[in-house]
Amino acid sequence: MSDFQQQDRPGFVEAFKRRFDPAVATAFACIIVLLLIGSFYSSNFLTATYLIQQMKVAAFLGIAASGVMLVILLGHIDLSIPWVLTAGAMMACAATGFGPVGTALAVPAGILTGALFGLFNGIGVAYLRIPAMIVTLSTNVVAQGLMVVYSGGFSPQDSASDAMRWLATGVLIPGVPNAILVWALVAVAISFLLGRTAFGRTLYGIGNNERAVYLSGIGTRRVVLLAFVLAGALSAFAGVLLAGYASKAAQSMGNAYLLPAIASVVLGGTSILGGKGSYLGTVAGVILITLLQSILSVMQMPEAGRQMIYGVVILAMLLAYGRGPRSV
Amino acid sequence: MNESRYWIAERRGTLIAIAVFLAMFVIYIANHPVGLTANVAQTAANKGVLLAFVVVAQALVVITGGIDLSVGMVLVLTNCIASWIVVGTPMQTGLGVLGVLGSGILCGALNGAIVIYGRLQPIITTIATGAIFFGLALILRPYPGGSVNEDLADAMTGQIFGVVPTSLILLAGALLVLWVPFRGSPLGRGAFAAGSSEVAAYMSGVPIHRCKFAAYVLAGLFGSLGGLFLTFYTYTGEAAYASGDGYTLWSIAAVVLGGVSLYGGRGSAVGAVFGAFTARTIGDMLFVFDVDALWQPLLQGVFLVLAISIGAIALLRVRNRLDWFE
Amino acid sequence: MPLLTMEGISKRYGGVTALSGADLEVEAGSIHAILGENGAGKSTLIKVLSGVVPADEGRILLDGKEMHFASPAAANAAGVVCVFQELSLIPELSVADNIVISNPPMRFGMIDRAEQRRIAEAALARAGASDIHPRALVKDLPLSRRQMVEIAKALARNPRILILDEATSALTAADVGRIYDVLKRLRSEGLALLYISHRMNEIAELADRCTVFRNGHNVSSYDQGTRSDAEVIEMMIGREYSAAFPERAPVPADARPVLETRNLGWNGRLSDISFTLREGEVIGLGGLDGQGQRELLLALFGVLRGLEGDILVAGKPVNLTSPAAARSEAVGMALIPEDRKTEGLMLPMSVRQNLSFAALDRVTRAGVVDRRQEQQLIDEMVRLLAIKTGGLDLPVGALSGGNQQKVVIAKWLMRAPRIILLNDPTRGIDVGTKQEIYQLMRKLAAEGAAILFYSTDYDELIGCCDRVLVLYDGRIRSELAGEELTEHALVASAMNLDDSVAETTA
């Protein structure tokens, strides 16, 4: 599922060794450990029903994390997830207020909203060359401001359309909730994008050495812009699905996604400095974070404890395998 | 003549920050229904100083080439701690204050240790430590509450001689006792050097690790000064996620407004303080112009975007496109 | 007893041996030159001596006492100070701050700024650079001034052993003269100076004793003046040096002009540049480093903004605003950049991905990479340039310098460019690869490419180019071709001297 680029020639073993990423392996090992710990607390933990339920929850995070991963691969960051996600959800729900046409366009409307915020981020980062952290934090504030005005000034239409509910909670293939299916589609698309397309190559290139990419005659700014647009769209799409899952959009629904989304990308072995990482790792990171959350809720850990364990686990795992080089 | 040119060149960012603040403050006061009375000044100063502590903390880390996304949570945590221990007799209160400041130092030291000795990226480190700090705050104050020594609180948020806001004196004192010696010491210079060019600093024999660590610790201390002052201002402790997040956000914006380079190595605490005052004035302006409360978050965001875009004007002067990638 | 003795120093980076059993003895009161090709181990030796990297084996003795330098600071404390090539200055700090950075004067626990100013002024004066203001920020200084600050900074530490690593490469001619005086004075004060330079004339002028390095250890030490240049070069490369440049056919008089500039100027750094580059022609850019050659290549490649004058491609005026425009089908330009590590390659990415990077648009259908076609083009290039790799999927950073440079060239040749701009492509690579690059250049020219070739090596310019434009201060100082194209004429033009003056001073 990761980068497809190298499956030709010298022996399978060598190819495997080359592709073997200790970070991804560690993340999967941690998943197994978490499953074992979980099974101590509850006998349900290792049942198919429970695991499918977890994957369904993971799908929302997985889609948001996919977008962040594109941006992190560039060596940038997207801190606008919370309100872009919320805006996507709210605008999708708002569209249902415009009759059958609006209802039909609810999902695209939500995604488009996210893409517009992403465009805003991308212009700031790629063309105005403002640090991504600053641009995306500001976008978060602006998105929040817009949503406050929207939901305070008009009596908002906040219930999800049937299509949204179906995408999030329906079942097309028996036994596999649609949310998982949607995530799988996104995963295939992103893996293909990263591994097989010129755009994907360029993302890695910019993350490693933007100057060299520019001097290779590639319009780096357009690529950065597009990555941010995709990230915004994916965040918003996650919001649309969440609204479908909960049947409605709520103001603070995005807050719980910033740290987990970034953490799952980084725990999956993607370098926060850019240029290195595989989608398989992100999948591992997302499952890892979701299981961690699940165990904490099974343990009936209060919010305070959850926050702390979260922070500690992320730091501990990064200290174990995500450290920077000994620079000087 | 020549000397003064260099003097200005060294302080350009700070001087611009002061000028911008003065211009905004004049507009604010001119439109204020009451004008500049001692009480108006006191309120403005208290809010400005509260943010200023956090912004100076952020500036210290930014100068080393890092970023502290936990600074708002340090404020929230120390606020909650203060609402427990800064009470009682003057003796007890004094120890409580020391305890609050000590916990701020610990927060800064934790960030610094992980970033410097653990070699993790500041951005991800401080997001994670921020979660830890907030968790601790929630344990201390699951619900808003607590109290503070009100005599001390009133003194710190009041006026001296009925005119000068005490908070300004407190801030000036903190800068004089903490920032000025740091800036003038080899440690401080090393922190600037490491932020400007870590390789060059190492090659020059600067003890980079120690210098950066000192900056993080000092940042924690300033964060806790903010938490302490917040307690004086509100008389309570509250573990509010949105509030911590907001302080972190505005600390970064204000650092930019204060002429501190986000790429490290350049900036001053004085600039940061005026950046904080400017940021506060933006909020207050919305109030005097009687903007609907509903629209205030959006307008603040728009101001923020405009403020950070100003720096992009320099791009127009770039004549070698490769400079984009530095 | 020598002031400094290094015995049996060995250093490996991963699997690569940089130094093996190197010895060196340096006397006080002398200037000791270290010669050797790139990769001979000179810079590693310096890094070990100045505490930047630890040696794997061997001893360093100062006054007969064994020393262990764990860091540059420790080396400085023992009196060993190195002048790096503008690596060690901190851009956001002032000149004075930089000069005293490692050991600032203290008063009441704070840095004494008045004393710091005094030390800085004294050090600048001692380095012959009193024109630099101690309060100026380093980032505002031009490169040559920064290098002088670097030297002043080293002197402020009162070294006993001063190491100068290519310290003159960025300096103006006037500064070089002043530095010579400073170094000779320091020698008379009893310092030991270790001098690393690629310029034989500098070594003849300054050195008392020379040590030649090859393949990671010292091959010979001798008193300056006791060996001929030819002998020294032979020691450096280990065999008789024959600058084998490929044959070249004269460019036909009716060859079509491919690239023309008319009165090209930029930002005060380039002015009035006019020349015509024809099909099959190799034009060299000469002159001292930093006279606008790099800017000229960047200007042609669409990187610089605010150009004056015109650029014509195949007779038609073009307005190139990005490398993307410069490489387009209509223009067909390629630039082999100056620094392959920061401008040419994505070091952690695979050889394969680097090779096809500039030609990705040629091997993609609807945005998807056609891997068979990519492989074909890559195989072709690997064959053409004889790139040696342990596998196309290894990171390009694992290749030797010469092979990395080949990858940079190959990635552009994949587009079959009609105009090739080369920015000092042979810097820091081995003699064998250099020869291959010369051959390749002539081959491409013979096939009709037009080449603009900047080199800091005069032999290369003479050996490879049909004509050479010598730049001085952003202008074309002279154009040399045929019989006039001699090392003597190149040097004289580069220094902006009249030929007659050059005769008498050379």
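Each chain gets a letter, A, B and C, in the order it is written, and its residues are counted from 1.
Note that in this section a residue touches a chain if its C-beta (ideal position, glycine included) is under 8 Å from a C-beta of that chain, and two chains touch if they have at least 3 such contacts.
Here the structure is a predicted model, which is why all the values come from computation and not from measurement.
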| item | value |
| --- | --- |
| Any chain in contact with chain A as well as chain C | B |
| Identity of the chain that, by mean CA position, is farthest from chain B | C |
| A-B or B-C, whichever has more C-beta pairs in contact | A-B |
| Euclidean distance of C-alpha centroids - chain B vs chain C, Å | 44 |
| Chain A and chain B: spacing of chain centres that average the CA atoms, whole Å | 31 |
| Contacts with 2+ other chains: residues of chain B | 199, 202, 321-322 |
| Of all residues in chain A, the ones touching two or more other chains | 211, 214-215 |
| Per-residue multi-chain contacts in chain C, two or more chains | 303, 322, 343 |
| Touching residues on chain A, where the partner in the complex is chain B | 77, 124, 128-131, 133-135, 137-146, 148-149, 152-153, 210-211, 214-215, 255, 258-259, 262-263, 266, 272-273, 302-312, 314-315, 318-319, 322-328 |
| Contacting residues of chain B [partner chain A, same complex] | 67, 114, 118-121, 123-125, 127-132, 134-139, 142, 198-199, 202, 208, 239, 241, 249, 252-253, 256, 262, 294-302, 304-305, 308-309, 311-312, 315, 321-322, 324-325 |
| Chain C-touching residues of chain A, taken from the complex the two chains share | 5-6, 8, 10, 18, 196-199, 201-202, 204-205, 208-209, 211-219, 275-276 |
| Complex contact set, residues of chain B against chain C | 2-3, 6-7, 9-10, 181, 184-186, 189, 192-193, 195-197, 199-207, 261, 265-266, 318-322 |
| Sites on chain C touched by chain A in the complex | 301, 303, 322-324, 326-327, 335, 337, 342-350, 352-353, 357-358, 360-361, 364, 367-369, 371, 375, 391, 393, 411 |
